[in-house]
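Worksheet for the structure shown next.
As written, the chain order gives the labels A, B, C, D, E and F, with residue 1 at the start of each chain.
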Amino acid sequence: MNTQPKTALVVSAHSADFVWRAGGAIALYAARGWDMHIVCLSFGERGESAKLWRQPGMEMTTVKQEREKEARKAAGILGARTIHFMDVGDYPMRVNDDVLFALADLYRELKPEFVLTHSLKDPYNFDHPMATHIAQEARIVAQAHGHHPEKPVIGAPPVFLFEPHQPEQCEWKPEVLLDISDVWQTKREAMESMAAQEHLWEYYTRVALQRGVQASRNSDLKIKYAEGYQRIFPQVTAQFS
Amino acid sequence: MNTQPKTALVVSAHSADFVWRAGGAIALYAARGWDMHIVCLSFGERGESAKLWRQPGMEMTTVKQEREKEARKAAGILGARTIHFMDVGDYPMRVNDDVLFALADLYRELKPEFVLTHSLKDPYNFDHPMATHIAQEARIVAQAHGHHPEKPVIGAPPVFLFEPHQPEQCEWKPEVLLDISDVWQTKREAMESMAAQEHLWEYYTRVALQRGVQASRNSDLKIKYAEGYQRIFPQVTAQFS
Amino acid sequence: MNTQPKTALVVSAHSADFVWRAGGAIALYAARGWDMHIVCLSFGERGESAKLWRQPGMEMTTVKQEREKEARKAAGILGARTIHFMDVGDYPMRVNDDVLFALADLYRELKPEFVLTHSLKDPYNFDHPMATHIAQEARIVAQAHGHHPEKPVIGAPPVFLFEPHQPEQCEWKPEVLLDISDVWQTKREAMESMAAQEHLWEYYTRVALQRGVQASRNSDLKIKYAEGYQRIFPQVTAQFS
Amino acid sequence: MNTQPKTALVVSAHSADFVWRAGGAIALYAARGWDMHIVCLSFGERGESAKLWRQPGMEMTTVKQEREKEARKAAGILGARTIHFMDVGDYPMRVNDDVLFALADLYRELKPEFVLTHSLKDPYNFDHPMATHIAQEARIVAQAHGHHPEKPVIGAPPVFLFEPHQPEQCEWKPEVLLDISDVWQTKREAMESMAAQEHLWEYYTRVALQRGVQASRNSDLKIKYAEGYQRIFPQVTAQFS
Amino acid sequence: MNTQPKTALVVSAHSADFVWRAGGAIALYAARGWDMHIVCLSFGERGESAKLWRQPGMEMTTVKQEREKEARKAAGILGARTIHFMDVGDYPMRVNDDVLFALADLYRELKPEFVLTHSLKDPYNFDHPMATHIAQEARIVAQAHGHHPEKPVIGAPPVFLFEPHQPEQCEWKPEVLLDISDVWQTKREAMESMAAQEHLWEYYTRVALQRGVQASRNSDLKIKYAEGYQRIFPQVTAQFS
Amino acid sequence: MNTQPKTALVVSAHSADFVWRAGGAIALYAARGWDMHIVCLSFGERGESAKLWRQPGMEMTTVKQEREKEARKAAGILGARTIHFMDVGDYPMRVNDDVLFALADLYRELKPEFVLTHSLKDPYNFDHPMATHIAQEARIVAQAHGHHPEKPVIGAPPVFLFEPHQPEQCEWKPEVLLDISDVWQTKREAMESMAAQEHLWEYYTRVALQRGVQASRNSDLKIKYAEGYQRIFPQVTAQFS
């Protein structure tokens, strides 16, 4: 009898992206007993740590440490099983093949049921689509029989793209509205643990409320808070949902 | 205790479209005990009955009767609960507001859990997107509190668009791949009951096989036959699927 | 010396649309001394008056009167010069050529500097793109020298499309972010005068806040509240802005 | 032995559109011995006759006569076999089913090898996409075995969309660049016969020159003048070209 | 008198892609006496050799040898003049500028009349669009007068994109349907020589049949087997086809 | 009191692109007292200097010198403040992170009010979208607080994309039509200083005339010459324009 918990993988460009954009999904599945694994390609140390850099004498090492601390705390609140920091740098993000292969190995090890990552485009932030690209490419490598042929390949876990900051400009469209009402307080708490980006707390609370109204409008349910996701691949199913 | 079976509605431009394009979905849900209801806006008497018209002395009345007979037979094989013929004419299809309101009333009466209809565009066949338009507009009217205010409005049943004959030219994309393997023989039998369009049997068998291969590729399942559908509205859900 | 105030035209499908979607623009330009003119093609009596219809014994005439009263009040708060009710009906909206020509005549009479109307698509609401279509077509007719050749034609006023309820599903994109911070209280007051749609007050306050944050991010300004608009025609200008 | 010349059909919204947009194609094929047939749905009497309307006391009948005279002259210069005037009116254009069926009958009678008409969209001019729609729908009707079952149906003539005035705004894209250098002087002469729209002569000469440069750039040929066309249907061929 | 046969170039990401996707075109032109040249950027050794890797003790060198052997055999059956193996690796494919310049030199040497390669996007397989990118970029470099200025530049050979495995997900659209009925048996034989990917034989036979039906529907011809291609550049021509 | 002139930045892939595509904007703003700064990533020495390479014995160094000389002359005529040559090479263009950071530093130093660069796509020329990509990425890096934290970050200058050679194929759309009539003679003079590309003088004169006609059509102004630009980001404004 297989008692192994199911797993999912979140690939985040910077150390806080997973909180704003997928915190609800992580908390929801963690609460159901899944092992949720988060990969942060960078700490967001250059591009998303303005508040820290405004402190006199701030050093890169300190910024990274602070960001890691915050991200670990948020991941803990959300109930994630692990959080990995790839430290590839940000603004600009550059991902070499060692990182790609490490991520492919992680796919092989975790065998995630689904993957969450960024939008395909973002004219405001080139690190985000870069993270998506690497998340997709690592998935493809992990499917290849000739990559580490001694280890079993993965199947075809669906990939869901979480909401960027300015969705229309990123050509992103909510194709899935995930009801996160049950775990909203957890997501809000995780957001509040990101002290360096306080200005985003209210912004993403409003995003959750708007997507919640839309989720209600697209169903016969009363949904207060939701997260939007776009699909890359078609849904394979035996029933319409 | 509500023992009423669940319902779904299929809006078909011509009397055979539902067989080729949604026969699997109809059979699948009928087999699960759902009440599947089919609306044929026309009999396809002018545009999709070439074989009948090749018979000398053929009359419009006869064509319609033959088409209706075939469609009823196919609906029966698939296990549909009802099949309605609106007889609005085809090539060109013109739908007046009486038909629209009749369809809206049907929405109110059936309260379908989901709706299946044609693609949004089709440069080969203007009746198809016309049927989609009317299926969407009737749904909107049925949601309006001021339309027959004495009767309860419907909620927001999702609409799925079945596969057109030449998908890329119709800007149609399979966003849902529905596994119809369990009911394939039923769909094939229903197709074979459409004697007037024999040339389509093999075509749509190949479509089902191709979508089946693709369904397998987009999942970890072995799926032999599938039908593709596009969504109009976002999926509202509490779990990724 | 021309002391005539400048004018603009807002074409609204239902009697409240102009408040949620363009209330800021109307108030902003009214405050600058422009004559703002609003056309409501319908009262939204069937599709957007759920609260009224829930009252026992409600009649269509009463609904229309209530909606007109509210809309007039909101228009007054926003400082609009006129509000016209075309009473073409809604859900479904059907616009005949008399209405088209009346609107074309209004274009000729007002000579608006710009036009505000709905998005080009909306799968949730077919009245909205219908209103856009008629607003565009009336503009084209008013430009034709052979239409009432005795009256001067209009030029080419730009058309801006205001934000639909679910922007991504409507393929709508904010190409102009209009700073409405100075008139926000007026817009909020106008929204609150729409008693029948109380559930939308907070929704559209959040929309204004989100577009405000985005306006700030796309400029070096601090903008609290904004409205988004999409363009149909290219901006003609002697300076980038 | 079939000595019947081949035919093609041009569907033009207004009486001059075929000159600016397809004059080269008409002249080219006429010079090759084809029978080129032109249908003008309207005379462009309201929307494209500004110069005539500026004359004092101008009457609609006179405008139509002048426009017809010019169009006949241009068609003659280009070498067209016939030119039909449907007189459906313009700005706005409204096409009823009688006109649709008349056009379908023309398809059946002419059996055109290809069809030329307007772009699918045009925010500046709603008559143009209306003409395209009717040209497409009549083609579909003419393909239906049940429409006048006693007359043979047509096959599937390809449809090419000629260049609108502001191509990018019309979402039109040149997919075919037709070398019209050999007949350029004929097209220029035909354009100059449209006295009412003199301002367009130079405009469309420049269009032809630009498309000529682009045709050269996309081939190894020296092409001076070209016309651009978009396809609706895929090219069916036994060789790449 | 130039007795040199005409040439065309096929750029294939993996050693078998050219068979499934462009085998008909290669056989067709080879049968007409053209010199058809194939470039395989990789052997598909990691990502498309699952059957080989399932054999115990399999080595990378063996896989490459087997794949090369099969590809050479298929190219021979199709009648290709040459097949080049660039051995750049796959899953992930990485192409450095040496390979780019080698490919540009090949363009200069062969002066192909047309080029066949992959689709612009493919979310299932990043090697495919990479191959397309390199095929396009090498073509551009070969057009530059300052690249090896001593050698003559090439003109502007059109590029046709062959059909990906899941066309709609790759945003690929058949703009050219090439009749390959005459060479179908040759293509089928070539496909069957790819022993490692037996599961694709039937899949691509069905693709050819479906495209054949569609080719017939888009013409007045009876076409049994076809291959679909998308264009990158406009067709330059003196006649509609 | 700040008497510093305002600045703008033009990022040009090759040394002449800025002349054809943005010469009007540069001259217009220079005439208004702005400091216009031009960055040429390459000299266009390989791909856009055919005329020079046709001279026997031509050397790369000479080509670069000639191109630089011409570009400096044109920049002078247009009234640009500075012109920078990055000399990264062309056909293919490859931009390393040193160049990226140098460009980011330039953003920080100049604090441009707006940025002009190439289209997002160009199937004829991969250097152009590469230049756009680097112009965008450098802007993002210059916004990051952690990049040279001791220097102040830039705000969010809008980016305008100038017209490519074959706009429709590049999916480029004119969203801004800039009236350059006042500086047309200056632009023409600058174009004529590009002796190596004489064939483009008339081409881009016609482009300016066509865009001028379109600018007039989209406004009530008489505009003779215009340049078209596409936006990446929404316009932030307090008034419609």
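As a working rule, contacts are C-beta pairs under 8 Å (C-beta built on N, C-alpha and C of every residue); 3 or more make two chains touch, one makes a residue touch a chain.
Keep in mind the model is a prediction, meaning the values are calculated, not measured.
S.K.: With one step meaning two chains touch, work out the least steps from chain B to chain E.
M.R.: The fewest steps needed to get from chain B to chain E is 1.
S.K.: Taking each chain's centre as the mean of its Cα atoms, which chain lies farthest from chain F?
M.R.: That would be chain B.
S.K.: Find the chain most remote from chain A, comparing centres computed as mean CA coordinates.
M.R.: Farthest by centroid: D.
S.K.: Rounded to the nearest 5 degrees, what is the angle of the rotation that puts chain C onto chain D, matching CA atoms?
M.R.: The superposition gives an angle of 120 degrees.
S.K.: For the copies chain B and chain D, give the interface type as same if over half of its residue numbers appear on both sides, and as different if under half do.
M.R.: different
S.K.: When the C-alpha atoms of chain D and chain E are each averaged to a single point, how far apart are the two points in Å?
M.R.: 38
S.K.: If you average the CA atoms of chain B and of chain F, how far apart do the two points sit, in angstrom?
M.R.: Those two chain centres are 53 Å apart.
S.K.: Scan chain D for residues touching two or more other chains and write them down.
M.R.: 124, 169, 174, 214, 217, 233-234
S.K.: Determine the shape of the graph in which chains are vertices and touching pairs are edges (line, ring, star, complete, other).
M.R.: Looks like something else, not a line, ring, star or complete graph.
S.K.: Any two chains that touch count here, so list every such pair.
M.R.: Applying the touch rule to all chain pairs gives A-B, A-C, A-E, A-F, B-C, B-D, B-E, C-D, C-F, D-E, D-F, E-F.
S.K.: Please give the residue numbers of chain E that touch chain A in the complex, ascending.
M.R.: Against chain A, the touching part of chain E is residues 45-47, 49-50, 53-54, 58, 60, 63, 90-92, 94, 123-126, 169.
S.K.: Help me check something: in the complex, which residues belonging to chain B touch chain E?
M.R.: Residues in contact with chain E: 124, 165-169, 172-174, 202-203, 206-207, 209-210, 213-214, 217.
S.K.: Inside the complex, what are the residues of chain E that reach chain F?
M.R.: So the residues of chain E in touch with chain F come to 97, 100, 136-137, 140-141, 143-147, 149, 232-234.
S.K.: Tell me, which parts of chain B touch chain A in their complex?
M.R.: Per the stated touch rule, the residues are 25, 28, 114, 155-156, 158, 160, 174-179, 214-215, 217-221, 223, 226, 228-229, 231, 233-241.
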